[in-house]
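Presented sequentially are two complexes of chain A, the first with chain B as partner and the second with chain C.
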Partner chain A sequence: MLIRPVTEDFKVIGFYMGRIFLVVAAASLLPLTWAGLARESNPFGSFLLMTGVFALLGVIGVRLAPRESELDWSHGMVVVALTWLIVPMIGAIPLFLSGHFGRPLDALFDAMSGLTTTGLSLLSDVDHVASSLNFWRHFLQFLGGQGIILAALTIFAGTGGITLYIGEARDERILPSVTSTARFIWAVSVVHLIFGVTSLGLVGWQVLGFDLDRSLFHGLMVFFAGFDTGGFSPQSTSIGYYHSAIFETVTALLMVAGAMSFGLHYALWRGPRRSVFANLETRTILSTFGFTMVLTILGLAATGLFVDVAGLTRQGFFQVLSAHTGTGFSTVPPAELAKWGGLAFGGVAIAMALGGMGSSTAGGVKSLRIGLTIKAVVNQIKQVLLPEHALVGTAYHQSGRKHLTPALIQSVMVISLLYVALYLLGAGIGMAYGIPLQEALFESVSASANVGLSVGVTDPSMPILLELVYMLQMWAGRLEFVAVFSMLGFVYAWVRGK
Partner chain B sequence: MTGPRDRKWLSFQGLAGGLAMFAVEALIVLGLAAVAWLASVLILAIL
Partner chain C sequence: MRRLVRLTFLASVFLFIPDPANAAEEVSVPEILELGAELAGEEVTVEGELVGDYGFRDNGWMWTQLNGDAYVQRPIREGGQALGANVGIAVRVPVELTEALDPPGRYRNRGPVVRVTGVWKYHDSTRPGESYLQVQSLTVTEPGRQLNEEVNWTAVILGALLLVGAGVIALLTRPKDWQRPTFRC
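Showing the complex of A and B:
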C-alpha cells in the first residue's frame, strides 16, 4: 500500500530546497555584479529579478521548517529532482528578458541545457549577446557541472547530505565525509580554473592577437564549458572560431580532465598513482576513446571530406574527444557535421552514447557501466566454455579491489537499458516529425547524454513537443534516472496513496 | 584523513601531486592524438 505524503514531508523537502535556493541566490550575485561592472543595465535588472526570486524562494523554504529535520532517501531524491527542474526555470528569466529568444520555452531550453551541461542552444545571435548574459550561460554550466547540490553541501552539511550527493548522480565518496569530498572537488576545479584561464588567455592574447580582456573572457568562458563538459561557446562557431591547434589542445586537456572521475583526480593528486591505470574505468574509457576515434577517422576518410593526414587527425580527434567527454564543442559547423554520414557519424554517436567516467561532470552511460557490462559478458562466456565446477574470477579494480555481484550487474544493466530507451525516445519523436533516422538519433543521443553536438535539428523553429522531449532527456540523463523516478513515485503516492 | 592531511594541498607534496595530475591529463591527450594520427596515416595509406 502506498503511503500518502503528509505536510511534514513537504516541509522537509521545502526546507532543504530553500537552503539550496539560498546558495544559488548567492551564486547569482556574480552575474549581477558582472552586469553592474560592465554597465549592462537591462541584464542587470533581469539578474536582480532572478536573484530576488531565488532568495525569496529560499527564505520561504527555510521558514517552512524552523528546525533541521531528518532527510530520508525519498525526500532527498525529490529535493534533487525538483531543484534541477526549478533552478533552470528561474535561471531562464534573464535569458528570456534579453530578447534573444523567440518564446519563453526556448529560454528554458537553454537554461536546462546549460545547467545539465548539455550545450544544445536555441539562442539567436550568440556573437552579439551582452557579456554578463554570456557569463551567466557559461556559469550555469559550471554550477551544473560541479553540482548545485554539491555547492550547497559545501556550505550546509547536516543530515541527509549523502542522500543529496548520491541523488545528483555521484556514487563515489572520495573522503569519509560528504563535506570534505565536496571541498576536494572544488579544490580540483579551482586548480583547473587557474590553469585553464591562464593558458587559454595566454593563447588568445599572444597567439590569436586578442586584447588581454577579451583573451581572459574567452579563456574563462571556454574553461567553464570545457572543464564542466558543457559545450556552450561565446561564439556561434564554437571552438572552430579560434582556428588554432594549440587552443584546441588546451581545450582538449580541459575536456579530458572534466570527464575524469573526481576519485581518479584524487588518486592522481594524493596517490596511490599506480592504481589509476589498473582502474577498470580508466582502461575502459581509453579503449573506447581509441575505438571510436579509429571508427570516425575511417568513416571520414571514406567520405573524402579530408584528404590530408593533418586535417583528418585534427577533425576526427577533436570531435570524438568532445563527444566522448560529453562536452559538445566542435570545430565544424552543424551543417558540415550532418554531411559526415556513415561510419564517421556512427563513431561520434557511439562516443556520445558511451559518455565519460562516473562521478565526473560528463553524461552518457558512463565507462564504469560499460566496463562492468563487458566483464559480465566475458564472465558469462567463460562460464559456458569452462568445466562445470570451474570458478570464474569476479574481481575488478575501481578505487580498490571489488567484486562483480549479481546485484551490481542488475543495477548496471537497468541504468544502461534506461539510457538506451531514452536515446530511442527522442529519436522516435524526431522521426515522427519527419527527421531522418540518422539525424534524429544523433540529436537525441546528444541531448540524453548531455553532449550538445548538433546536426541542426535543435533550432528555434523546432516543434514544441520535440523541444520538451529534449529537455526531459537532458534532465533525466543528467540525474541518471534514480532521482527522477523517485520524484514520480512521490507524486504518484501523493495522488493515489492512502 | 579529512583533518590535517587535507591542509597539505599547498605543501610541496601537494604541488607535486597537482603537477602529476596535469601530467597524466596531458599524457592522455597526447596519447589519443597519437592514436588519431597513426589511424589517419594508416587509413589514408590503405584507402
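Showing the complex of A and C:
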C-alpha cells in the first residue's frame, strides 16, 4: 500500500532544500560582487534579485524544521531532484533579465544546461554578454559539475547524508565519511583550478597576445567549463576562437581530468598508481576512446574535408575527446560539424553516448557500465560455449577485486537501457518536427549525455516541446534517473496514497 | 589623330583592368561558413564587426573575430532582438593595418565595423585544420562606439527587499536551543 506523505515529510524536504538554497545564495554573491567590481549595473540588479530569492527561500525552508526526523532515502532523493529543478529556475533570472533571451523558457534552458554541465545554449549574441553574466553561466557549470548538494554537504558537515550524495549520481565514497569525501573532491578541484587558470592565462597572455586581465578571464571561464565538462565558452566560436594548439592541449588536459572519477584522482594522488590501469573502467574508456577516434578519423578521411593528416587528426581528436568526456567544446562551427557525415558523425555520436567515468563531472552511460555490460555479455557467451557445469570467472578489477553479481548486472543494464530510451525519446520528437534522423539523434544524445555539441538544432526558433524535452533529458541524464523516479514516486504517493 | 586613338585604347584597357580590391568576391560571413571548402584559397571581401580580443602575436599578425550577424547593425543593448547565436569567422590581420582600430566589440561596446579583403584559408595545412581569413586590406566603415547600459531599478529594489525580508524572518523566527532539531543521516 502506498503511504501518503505527511506534513512532517514536507518539512524535512523543505528544511534540507532550504539549507542548499542558502549555500547557493552565498555562492551567488560571487557574480554579484563581480558585477559590482566591473561596474556592470544592469546585471548587478538581476544578481541582487536572484540572491534575494535564494536567501528568502532558504530561510523559509530552514525555518520549516521538523522537531526530529531522519533523512530517509525517499526524502533525500526528492531533495536532490527538486533542487536540480528549482536552482535553474531561480538561476535563470539574471540570464533572462539580460535581454539576451527571447523568452523566459530559453533562459531556463540555458540555466538547466549550465547546471547539468550540458553546454547547449540558446543565448543570443554571447560575444556582447556582460563579463559578470558570463561568469555566472560558467560558474553554474562549476557548481553543477561539482554538485550543488556536494557543496552543501561540505559546508553543513554531518547533516547531509549518503542519500543526498548518491542522489546526485555519485556512488563512490573515497574516504570513510561523505563530508571528508566532499572535501577531497573540492581539494582536487582547487588544485586543478590553480593549474588550469594559470596555464590558460599564461598561454592567452604570452602566446595569444591578449591583455593580462582578459587572459585570466578566458582562463577562468574555460577552466570552469572544461574541468566540469560543461562546454559553455565566453566567445561564440568556442575553443576555435583561440586558434592555438597549445591552448587546445591545456583545455584537453582539463577535460580529461574532469571526465576521470574522483576515485581515480585519489589513486593517482595517493597511489598505488599501477592499479589505476588495471581498473576495468580505465581500460574501457581507453578502448572506447581509441575505437571512436579511429572511426572518426576514417570517416573524416572519407569526406575529403581535410587536405592533410595533421589537420584531420587535430580536429578529429579534439572533437572526439570533447564528446567522450561530455564537455562539448568544439573547434569547428556547428554547420561544419553537420557535414561530418557517415563514420565521422557516428564516431562523435557514439563517443557522446558512452560518456566519461562514473562519479565524475561527465555524463553519458559511463565507462564502468559499458565495461561491465561487455563483461557480462562475454561471460554469457562463454557459458554457452563451455560444458554445462564449467564455471565462468566473474571477477573484475575496479579499485580492488570485485565480482559481477546478477544484481549488479541488472542495475547496470537498467540504467544503460534508460539512457538508450532517453536518447531515442529526444530523437523521435525531433524527427516528428521534421528534423533529419542523423541530426535529431545527435542533438538528443548531446542533451541526454550532458555533452553540448550541436549541429544547429538547438536554436531560439526551436519548437517549445522539443526544448522542454531536451531540458528533461539534461535533468534526468545528469541525475542518472534514480532521483527523478523517486521524486515521481513521491508525487504519485502524495496523490494516490492513503 | 593616331595619338588620340592610342590614348583612347589605353584608357579603355585601364578601365577593364580589375582593381585588386574589386576583384575579390563579395560574400557575407554566413556564406563563408556555409560554402567553406568551395571558397578555399579564394580572395573574398567581407564586412562585419570585430569582436572579442585583439591577439597580437609575435609573428606580426593580429588575430580577432569578425561577426556578420544581425547584432552588427542592431545590438541587443540598442533594442535589437535576441535572434540566436553569433555568426563569426577568425581573421588574421597584418599588425600594420590595425593601428587605427577602436576596441573590439564586447559588453557595452560595439566594435568597429570593417570591410576586409583577404584569402579564405579553409583547413589551412600550415595551421593544421584551422579556417580563417588572411586579411590583405582593411577599411573601417563604422568606428566602434559605446552602448548604453540602463540600471534595472525594479530588480535592485526587489532584490534588496527580499534580502531584508529574509534577514527579518531569520531573526524573528530564530529557534531557542531546546527547539533546535536533531538529525540523523
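Definition applied: the second predicted complex is superposed on the first by the 493 of 498 C-alpha atoms of A that agree within 3 Å, B and C clash if a C-alpha of one lies under 4 Å from a C-alpha of the other, contacts with A are read in each partner's own complex, and residues count from 1 in each chain.
What we mean here is this: a contact is a pair of C-beta atoms (placed from the backbone, for glycine too) under 8 Å apart; a residue touches a chain by one contact, two chains touch by 3 or more.
Remember, predicted model here, so these are calculated numbers, not experimental data.
**Student:** So, A:286: does it touch chain B (first), chain C (second), both, or neither?
**Tutor:** first
**Student:** Which of the two partners, first being chain B and second being chain C, lies in contact with A:271: first, second, both, or neither?
**Tutor:** In the superposition, A:271 touches chain B alone.
**Student:** Just to be sure I read the superposition right, which of the two partners does A:461 touch: chain B = first, chain C = second, or both, or neither?
**Tutor:** second
**Student:** Which holds for A:312: it touches chain B only (first), chain C only (second), both, or neither?
**Tutor:** After superposing on A, A:312 lies in contact with both chain B and chain C.
**Student:** Of chain B and chain C, which one contacts the greater number of residues in chain A?
**Tutor:** Chain A has more residues touched by C than by the other partner.
**Student:** Considering only touches as defined above, state whether A:195 meets chain B (first), chain C (second), both or neither.
**Tutor:** first
**Student:** With both complexes superposed on chain A, which partner does A:101 reach: first (chain B), second (chain C), both or neither?
**Tutor:** second
**Student:** One more residue to check, A:410. First (chain B), second (chain C), both or neither?
**Tutor:** A:410 sits against neither chain B nor chain C.
**Student:** If we overlay the two complexes on their shared chain A, which of chain B and chain C does A:56 touch? Say first, second, both or neither.
**Tutor:** It touches chain C, and chain B stays clear.
**Student:** Pick one for A:380: touches chain B only (first), chain C only (second), both, or neither.
**Tutor:** Neither partner.
**Student:** Return the residues of chain A at which the contacts from chain B and from chain C coincide.
**Tutor:** On chain A, the residues that contact chain B in one structure and chain C in the other are 307-308, 312-313.
**Student:** Report the residues of chain C in contact with chain A in the complex, numbered from low to high.
**Tutor:** Where chain C meets chain A, its residues are 33-34, 36-37, 51-58, 62-63, 65, 67, 69, 71, 75-77, 80-88, 90, 105-110, 123-125, 127-130, 132, 147, 149-156, 158-163, 165-167, 169-170, 173, 175, 180-185.
**Student:** Can you tell me which positions in chain A touch chain C when the two form their complex?
**Tutor:** Of all residues in chain A, those touching chain C are 15, 40-42, 44-53, 55-56, 58-60, 63, 65-71, 97, 99-102, 106, 121-131, 158-163, 207-211, 214, 218, 235-237, 240-241, 243, 245, 305-308, 310-315, 331, 333, 335-336, 339, 459-461.
**Student:** Inside the complex, what are the residues of chain A that reach chain B?
**Tutor:** Listed in rising order, the residues are 175-177, 180, 183-184, 187-188, 191, 195, 249, 252-253, 256-257, 260, 265, 268-271, 273, 276, 286, 289-290, 293-294, 297-298, 301-302, 307-309, 312-313, 316-317, 320-321.
**Student:** Hey, which residues of chain B end up touching chain A in the complex?
**Tutor:** Residue list for chain B touching chain A: 1-2, 6, 9, 14, 17-18, 20-22, 24-26, 28-29, 31-33, 35-37, 39-41, 43-44, 47.
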